Each structure stands twice: as C-alpha cells, then as structure tokens.
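Reading through the structure tokens given below for one structure.
We just call them A, B, C, D, E and F in the order they show up, numbering each chain from 1.
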C-alpha cells in the first residue's frame, strides 16, 4: 500500500518530521511517500496562508496520480484543501484534523485540541464543528508560531504544556489532540506525562488511510465530491513570492 | 494483535458471520477472537433487548481479561453497553455504529444509515447525534427483523435495497452505512450495485481497533470512562429466560 | 393511584430517604410503593454501575406488574434503564433527571445541575442534551461519593453548597437542580438559603407521574417504545458479586 | 389550591371550553378560576394578535393578585406573554405549549404538534426550539381558523385528522400534541382513534401548575424573571378596537 | 426615502439621541422621522416592560401609514414587537439586535454583545440564538440601568468599558456589539479605544433599512408575517400608569 | 465610495452581468469597479474549481490596493476565498452568500436558497450553517450548469422556476435566495411572478458594502482575520491550464 503524504507547508524539515511520525505507525506493507509542496507559504498560519497553499497541494496530488498511490494525506492540521482534493481523488484522502478528532472520539467523551496561534483557533473550531465534534471538543491556542516547533530552544514546548494543563484543569478534557502537524513528535511524551490519550493528527491519518484502503472504501463520487467537470482554466502565477511578505 | 469481538446477541450463527467479515479485513498479524454472549436475548431489537444484553457482554469482557486482548469490539450496531465496557477496559473498545459513522464521514459529507426495525431507528438516530453526525446523516428503517438477515429466503435484501434507493433519491445520500451487524456480508455487493461507498460496521470497527492499538492509544481513564469504583454488587439472576417471552 | 418507585441502587437506606421525599409531596390518594432492587451495585457511580443496575430494575418492574401500579419511577438521577423500562410499561415511567430538568424549565431560563462525582458529569450532560436542555443548563460535579450523602458527618453538604455557589456566581444560574437521588432531603433547605428554586428529582418525578396518570396518558407504544418482541433469552447470572470489586 | 386560568383570546365560549377541560383533570382540592381577557383580539392568530393580547392578560394577572391564586395558566398555545407574566408572578405561571411539549417528552422520543393556521406554524416551531424540543418535534398546520374550532359544522375536525394522519405516516410521530387551546375537547377521542398519546395543552398545564405548587416551587426571581423595576408608565389606549379590522 | 424610527421607550431624550445617531449615518436622500411612543414604560428593562411597550409601538406604526414611510426601525435592542410589526408592514421593518448582529457577522467570526442589566442578558441571548448567531456570539451584562446612559455622571461608561475588556480578554471577541439603543453615541469612541469593530444597533438598522428599500425588498407576506386577519378587538386601557409602579 | 467587485470565475460576460446588477442598486456616489480574475476556472462548480479560483482573486485584491477601494465584493455565491480575502483587507469584504442570507433573514423566518448543481448544494448548505441560518434555510439544486445561465435558450430558467415552486409548496419558504451570481438578472422578475421576496447576492452585497463603509466599520484585525504574518512564499504556477481538463 502506498500512501502519498503532501505537506502543503513548503518547509522540507517539517515534512521530514511528519514522515518519521507516519512511518513509525505505518503497517509493515505500507510505503509513505512524503512530499513537500513546491508552491506556497513556508508555514500555514491562518486563512491566507492556507488558501495559497492549495494549488501546490493539488498539483502534487494530480502529478503523482500517474505513478499511483492508494490514499493521500494532507499534512496540515487546518485540513487545507481537503474538500478540493477529494473531488480529484479516486482514492481516500485524509486530513489531520478530521482524522485526529474522529480518533479522539473513540477514547473520550470530551477533549481539547491545542493548536498554535490564536488566528488558527477559530478556523480549527469551525472545522471541529463541521465534523460534528463542536459539542464535545474545545479548541485552545498556545501562542506558538508554527516554525518555532522546529526549534527546540524556542520555548514552544513549555507554552504547549501550559495550555494542556489548562485544558485538563478548566475544560474537563479527557484527552488531548495536538493541533499542528509540527507537534507530531511530542505526542508520546506528553501522553506519558499527563496520563491521558494524546492524539497526533499525522499518525491518526496514516491509520485511517490504511483502514479505508483495506476496507475497499474510497471517496464518494456522488454529490459534494463529484469529479470536477471538464472546463478550461486560464492564467499563470509567475511567482508565488509576490503573495508573501518578506519579514 | 488480538481483538476480542463479543456479540451481545446470543445467536452463534450471527457471531460467525461477523467473524468472517472481521477476518476478511483484519491485518495479517491480527487475531479475531469472536465470542457469543452467554446471557441475554437471541437478537437485539430495541431498548429492552439491548439493556438485558449488557451483563453478558460485560462478563465476557471481564472474564477474558486474564487471557488478554489488545482491543475489543461490541458486535451490535446499537453500540450496546459501549460506555460501560470502556470503563472496565484498559484497551480500546469499539462499537459498530460509532466506527461506521466516523468512517463514512471521511468519504461523504452527507450519508444515510439503513437499519432494521422502526423501533431501532430513533435509538440509532440518538447515537448518531451524540457522535456528532446528526447534521450529516439520516437514519432509515427497512422493516427487517434482525434474524431474517440470517435467512436468504426472507426477502430481507429486497427491503434493504428499496430503502437504500430511497436514501439515494430522497436524502441526497453520498454514502450508505449498513445499520446492523447482520448485514455485514452484504456491503461489497451493495457498493458495486449502487456505486457509492457502503460502510459495514463490523469491518470498520476492526480497522479502528487496529488503528488505535498501533497508535498506542487507549480509552481515557479520566472523567467519563474512569475505572469503576470498588464496591459490593449483590443478587443473582438465576435465569435470563424469565426476562424474555417465548413466541 | 399507586406509584411504584424502584431504586436501582441496592442500598435500602437510600430507598427509604427517597420514599420519605416522595410521600412528602404525593397527593392524598397516591400510594408510593418504594422498593430496592435486589441485583446490582450498592450505588450507581458512572456507566458501569448503571448498566449492571438495569436487570434488577427491570425485574422489579416486571414482577410487580401482576400486583399492579399506575406509574413507575426510577429512583436514580442517571435515568438508568429508562428507555428499556418504557418499552415494557403499559403505564408512564419517569426518570429523575428528565423530570427535574423539565420542571426547572418552567421556573428559569438558565439553570445548573449539581451532581456527585466527575465521572457522572458528562453522563448527565449527555442526558440533559438529549432532553433538549443542553442550551439552557450546565452540569457541575461536586466531588461527593453517592453514599457519603447518607452520612451527615461526611462534609458532603459543604461540598455541594460550594458548587451551588459557583453555579450562581459563574453560570448565571437562575435555579438549581440536585443531580442525585441521595440529595432529595436537602432541597427545601437549600432553596431557603439561596433564594432560588431548588429542584429535587424524586419529588419532581412523583408529580409528573401523578400528572400523566390523571391525564390518561401513557408511554407511546409506537416506534421507540414499542413492546419488546417475543423471543427467547438465555443464560443465568449466578451472582452479581462477581461483577463488583470488594473495596 | 386556586389556579387562575386567563384566556388571552377575548372569546368567552373558548374560555368556557378550556375551563371544562381544566376542571376535568384538576385534583379534588383544586379550584380553576377561568377568566376571559377584556382587552384584545377575539382570537389569537399570529404575531400581531398575540402582541395585542398581552396587556389584557397582564392586567387580569395583576388585578387578581389581591384576591390571590397559587398558580396561573395562560390559555393560548402560543404561550402569549408568558415571559412577561412570569416577571410579575410570585407563583408559577404555565403556558400551554411549554406544558404540552414537556409532557409529550415523557411519553415519546419523537412527536408532532398539529396547530391551526400556517401563520402560527413557525411561531410555534420557534417556541418548540426554545424549549429544547426542536430536534424531537415537528410542527404542522392544518389550515383551520381558531374560531372554526368552536363550530362543529366547520369541517375543522376533518382537517385536523388529515394532518394527524400525515404526522403518523410521514414524520414517524410517536405522539401528537394538539397545538391550540380550542382543540382541548378533542384529545381523548383522537387518542382512542389513533392509539398514540394525544396531549392537550390545557390539561397538561393544569397538572404542571398543581405539581409546582405541591413542590413548593415558584418562578425564579433571579435573572430573566426578576420582578419589574419600579418606573412610570404613560399613555392610554382609549379603545383596542382601533387596532383590529372589522371583517 | 423616509425611515420611521419608533422608540418604544417613552423617553424623548433617548429618542433624540437615537435620531442624532441615525441621521449621522443616513444617506443624503434619507429622512429619519424619529418618534417616541406615547404609551408604555419610560425604559424597557426586561420582559414585562417590553411586552407593555408593544401596543404603543404598533399604534405609531399604524397611524403613520397614512402619511407614509419606506421602512421602519424599532429603536430598542430587545427587538420589542418586531415580529408583530412585520405583520402589519408593507415595508421592511428592522430591529436593532437583528441588524447589529448581522452586521457584526460580516466583520468577525466571534463577537460579544454587551448589554445593560442582567435581566436583559438571557432575553438578548435568546434573540441572538434565534437569529443564528448563538454559536458565534456571547452576551454580557454590565449592570447599567438603561436611563443611567442618559446621565454622564452615572459611571455607566466605566462599567461598560470594564465589560468590553472582559469580552476581549476572556471571550476571544473579535468585535463588540453595543446592546442598548442608549449606547449609540459611544460606538465611535469605543472603537478607537479598543481597535476592534464596535457595532451600534441604531446605525446598523438605518443602513439595513436603506439597503432593503434600495433593493426593492420588503417583508414577506407568506407564512409567519402574513397580514393580520380581519377580526374585532375589544376593550380599552384607560391608563397605562396602572401597569407601572412609581418608584 | 469605490467598491471593487472581483469575479473569481474567469468569464468576462458573467462579470459584466454582475456589474450591471451591482450598478443598478448602487447609491449615487458609489463607483463599482468590476474585474474578472485572470487566473483559474471559467466557472466555479464545486470545491475544486473554487479552490483554484482563490489565488487569482487574492491577486486582484492585492494589486488594486495601491489604487484604492473602500470595500470589496467576491462575485461568487460560494463565498470563494472570503476568509482569506478578509485577512489581507483593511476594508470590508463581502461574499454573496453571506450577504444574501443575512438580507433574507430580515424579511422571512424561513427561506430557501436555490443554487445550480447538486455538487454545490452541500457546499452552500455548509456555508448557510456556518453563517447561522441552518435552522431557517434549506438549500436546493436545480441542475443548471453555471454558464448555461449566460444562454437564454438553455432552458435554465425553466429548471430554476420548477425548483422555486417546490420550495414554496414543500419547504414552506417565505422568501427565495438565488444561489448563483449568474442568476442576478432574474431576481426582479421572479419576485413579481411568485409574490415573495427574491434576494440576489450581488445586489445584497453591494448594499452591505455601502452600509459598512458608511458606518465606519471594517474587518476585525483581532483573531481570525488578523493580517497575514510576514513570511516567504515559494514556487510558480506557470499555467493554470494544467489544472483544468479541456472538454
């Protein structure tokens, strides 16, 4: 079984970390093909970054259809481009948020998602509601820029732990979901420290992808996810750089 | 990996059918231990049957903890006793309804669950709402007694197909969930006939069980599913037969 | 009018306290027949205890149908076995939680349920949502084991009062619902102390039972609560003691 | 116990019919004081009629506080002025819709309210949602002007029965709520004909009023229903006739 | 374009303040006809005041239909009598709460309404839910009597600011809605101080009224807002003073 | 006042039709700058087309910030890229769906949105729910490809009328919302034919944009819509044509 995991953040080190996490839980026969999108922002923090990450994501998914894969994972907790990806797929496509909250739902009746920046909090809360977990899950932001998670000296883990502790004491959380692909390497340790299930979206998505392939199930082509109608597309984006702002 | 699947319906032929379905999707290293509850109704049709099936279910789960299993599945679409089972488990416990609707949610934005009798329809609708899918899934009954599914000559399949066709034409269903453990052998054929994903709860639960075990995740012991407090239980039920009514 | 009140907790002193509360509000012509279940846990704290309390409850309800009663009350705030009980009843059956929150709804637009242990909080919150009061009522736990309510020296009342005070100051509660059958004797005093309506489930259920009988209304036998279908039940539970854990 | 029932429809024959229904279910010691509002529309059909019926209703409630009553009922299914009435009450105040849907909730998991005119359908649906029954109850209109219910030759009963039959066949209704005070005399017969619980709001409200008085519970004076603040009111309405339109 | 703005609070200075705010945002060709109701309470604080303010409001709307207006605004944040007003209108009718929360919804995903007294908080929360913003907006009370907003020395602004600061720090509010017509003059200053959108209902309603008139859209006369049926109204209210309580 | 209206469908004739509709309702001093996106699909039908239309939309919004505009409108009923657009805006940004359903909410308690293809139905239903109108509005598809609305001979209007008629007879719709920018020229005629309000999103958005600018209100920069963080973007999309499929 071949699972294509596309990181819509154009930062290769983040892809690599996710690939390690994915391979750590993959079944013996599963190959993880981890690719970094070639177009878009270096990290996805909020609606704007997310929207501009989608073309690069879709291009990877389309280009690699020739080579073939049995399922695809979008390696960003915002489930960036998930609906669009499903329309072009003839295989299952998994997002991290949807996979993680479904997984947490089997383990706990109430749980908390801890994400990075405040600007992503409502975005993820809207996803959680759409997936039906709005009545069971709270979303918290821990004020960590995404790429600080790549840097051990950044103090990011301290902030994350502080927010998890609030979730346990104030929300009555029975489990924790880590709300960023960049946190994937922290799940096991945090689970041991806090003694509650800690769900990582990358790992959860790998197992859901394997499950759907084994079950012979794929994205419905009736209704919402029907294949795109044939039609001309126009224009060119000579450089995505113009859409960003150098710091 | 050992998965204990307990059928709370005390009908061995039904267990056997579910075991076949479970083994058909299980990963190479997964052993399915299929057991039939020794106490309770021969089939679970509505709230009364379900409530009286729980002690037998819990007894199987407890007794086999000595031998050991890595996850458990309750082989009834009503998710009979699921909450109680989770409190005594130190492993993941999966219900068919919860597993199936979570699985369908990855494939379709709107779907329909087709179950057996009208008396089970609202019961399952309440589950679907609690699991967060109330806004995405409709539940239909097809007027089939559970054990007629064991009998090919019963006309049950015709009734089921008629209801699936209504789901597609009237509900805008993008996928179908089969709402009874006894329908597990029909999923693949129905998927081919109708060209939409058809999700079977037994198979879905096996893959979710494998996923959780692989991920090192287990039922939260904080809050709702905390281990039962030590306390005396009293009484005896010299015969469950007194609770049924011979036809 | 004869109202059968079954306590699914197998502790007779608790039944006696509930009987006193029931008789205190019963109409002149109403006889309260208070019985303690003979099978199951001595107190119901969480899902496991609750599930194993149901057979004993149903047995009492069935056995006494010969003698006759006009309505039944299940004397546990978790509404243990309520749905199953309704299917075998040809009379109205009331739960404490459903009765209490419906009653509170006539008196206040927003209110708080204060229950015993954290493990019961989400369980009751799920009931409150299912009964339609999720948008109007909050549920709080006060960290009191059920049987400490039988013991005046336990400090339980202090904990309960502290939680009621939080409900008033933090939740904007306009009324309080006592979320355990064992609190039934405290309602009047707490109402006087805090000057807001304090609703006790036992008393509320008695009046709802009387109301339904007077109105000539009984459980619908169409759909969810249709009478159980005739079918064999098998097995025996030689001792419930095996299901508990001596402390 | 004295229950004041005010009919905010200024049609005495309708009050009389409601009084008969109320007395038929009242407990031996309960006195029903049935009064017809002296100001407002002869029947309440929609938002405009309802709004102009409130001053007359409130005046009756205030004027009779001197004489004294233990609970009050507003005899209109739109629960006209219920919130305002509760703020001036030091006793429980019941509306027909709130009482009826709470009562139906003890008998059935899903039910249908059948009201008179289409213009009242959404108004009542909004009430049903606010009372928390939006997920359990559907509202249907049967195209009957309110006062045709006073006239046996009007064909109103035929229309009502047709709509009940649709509720049973299309909505999966397990019980029926009659959505107009003018239907109060039909409940018993319809219950016999259809074999499902048929709930009348007048009778339900009487029993809820008796229940609350017996329980020593009254409207919360904290928050929403706090007593009106003292302040001047100005103006006069020399004739309500100007607000109507002679047919 | 002529917009009739009726203040259902019978305090002329409050009407004048709202008129100034309305004219400040009105388009060049828009005439604001600001009138104070001649019947009812001097300020609307809770359900009772609101209910008794409606006849005076409806009378103004009816009497001025002869002269003509293109849209109407009800100048109270409780949307007092809005549904009734729409049934007699052949023009659009706007409430402040509905206009303000719809406006805020274009600017922010989550926001907080800050109103006056606790007794109005749940009333407004119910409106916010009915308008569909319950999942996006929180309502807070700042403990300010309505007419203290007319008095600069009252300390009201300090209380209001304290509550806005809590909304920003505790609710994650992205915008603020001022929940009382009497706060209309404060919006611009507060917006500058806090750097988030601050929406005033009077101004919002004026622009919505202009928008609907320009679009050729008016209240639907099908269903809920159908014109009142012709029928006699009876009685007289010789003095509203009897309904108030001199302080 | 200058309103920039960007059509994310890359079909100029559709932009022109929307511009005519926008100018027809714009206030005297309002200039409508209508531009067609230069990148993406010729029509937006479903999730895939929509996702690939966003970069072109954002580019227009960014490039024209130099010249200046006071508000922006995204001329597609799917509210394509609305959240992302708001993060880069220092002015209000309006979508057609959000503007239209908010407008309809002032006119009717229940209404129906009639869109084009089935694949857009759930997408729009999800928007309607997120905007809070899920309990008040139903969404229907009329099986019309978007560009057939540009062709009078296509029979599209007949299909649209058939679906509106179903909305009136089956949904109890009190108003109709046209669910595609390409239907903008039909609103007035349909309103006359059916005698209920018919809301067009283009016209509604223009008036909401004018309203917000007049009110001095703009997108909140706190939380969800905070300005994008400065960061590098990489890659280039040498041709969008590769993303489409020539018919």
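Convention: a residue touches a chain if its C-beta (ideal position, glycine included) is under 8 Å from a C-beta of that chain, and two chains touch if they have at least 3 such contacts.
Only a predicted model underlies this, so the values are computations on that prediction, with no experimental measurement involved.
Comparing the CA-atom centres of all chains against that of chain F, the greatest distance is found for C. Over half of the residue numbers at the chain A-chain B interface are used by both copies of the sequence. Chain A and chain E have CA centres that are 44 Å apart. Chain C and chain D have CA centres that are 29 Å apart.
Each of the following residues of chain E touches two or more other chains: 109-110, 118, 121-122, 126, 129, 134-135, 172, 223-225. By the document's touch criterion, interfaces exist between A-B, A-C, A-E, A-F, B-C, B-D, B-F, C-D, C-E, D-E, D-F, E-F.
By the touch rule above, chain B contacts chain F in their complex via residues 109-110, 135, 172, 174. Within the complex formed with chain A, the residues of chain F that make contact are 10, 37-43, 45-52, 54-56, 58-59, 62, 81, 83-84, 86-88, 118-119, 121-123, 126, 130, 145, 223-226, 228-247. Those residues of chain E that touch chain F in the shared complex are 25, 27-28, 92, 94, 98-99, 102-103, 105-111, 131-136, 168, 172-175, 188, 191, 195-197, 199, 203-204, 207-208, 210-212, 214-225. The touching residues of chain C, when paired with chain A in their complex, are 118, 121-122, 126, 129, 134.
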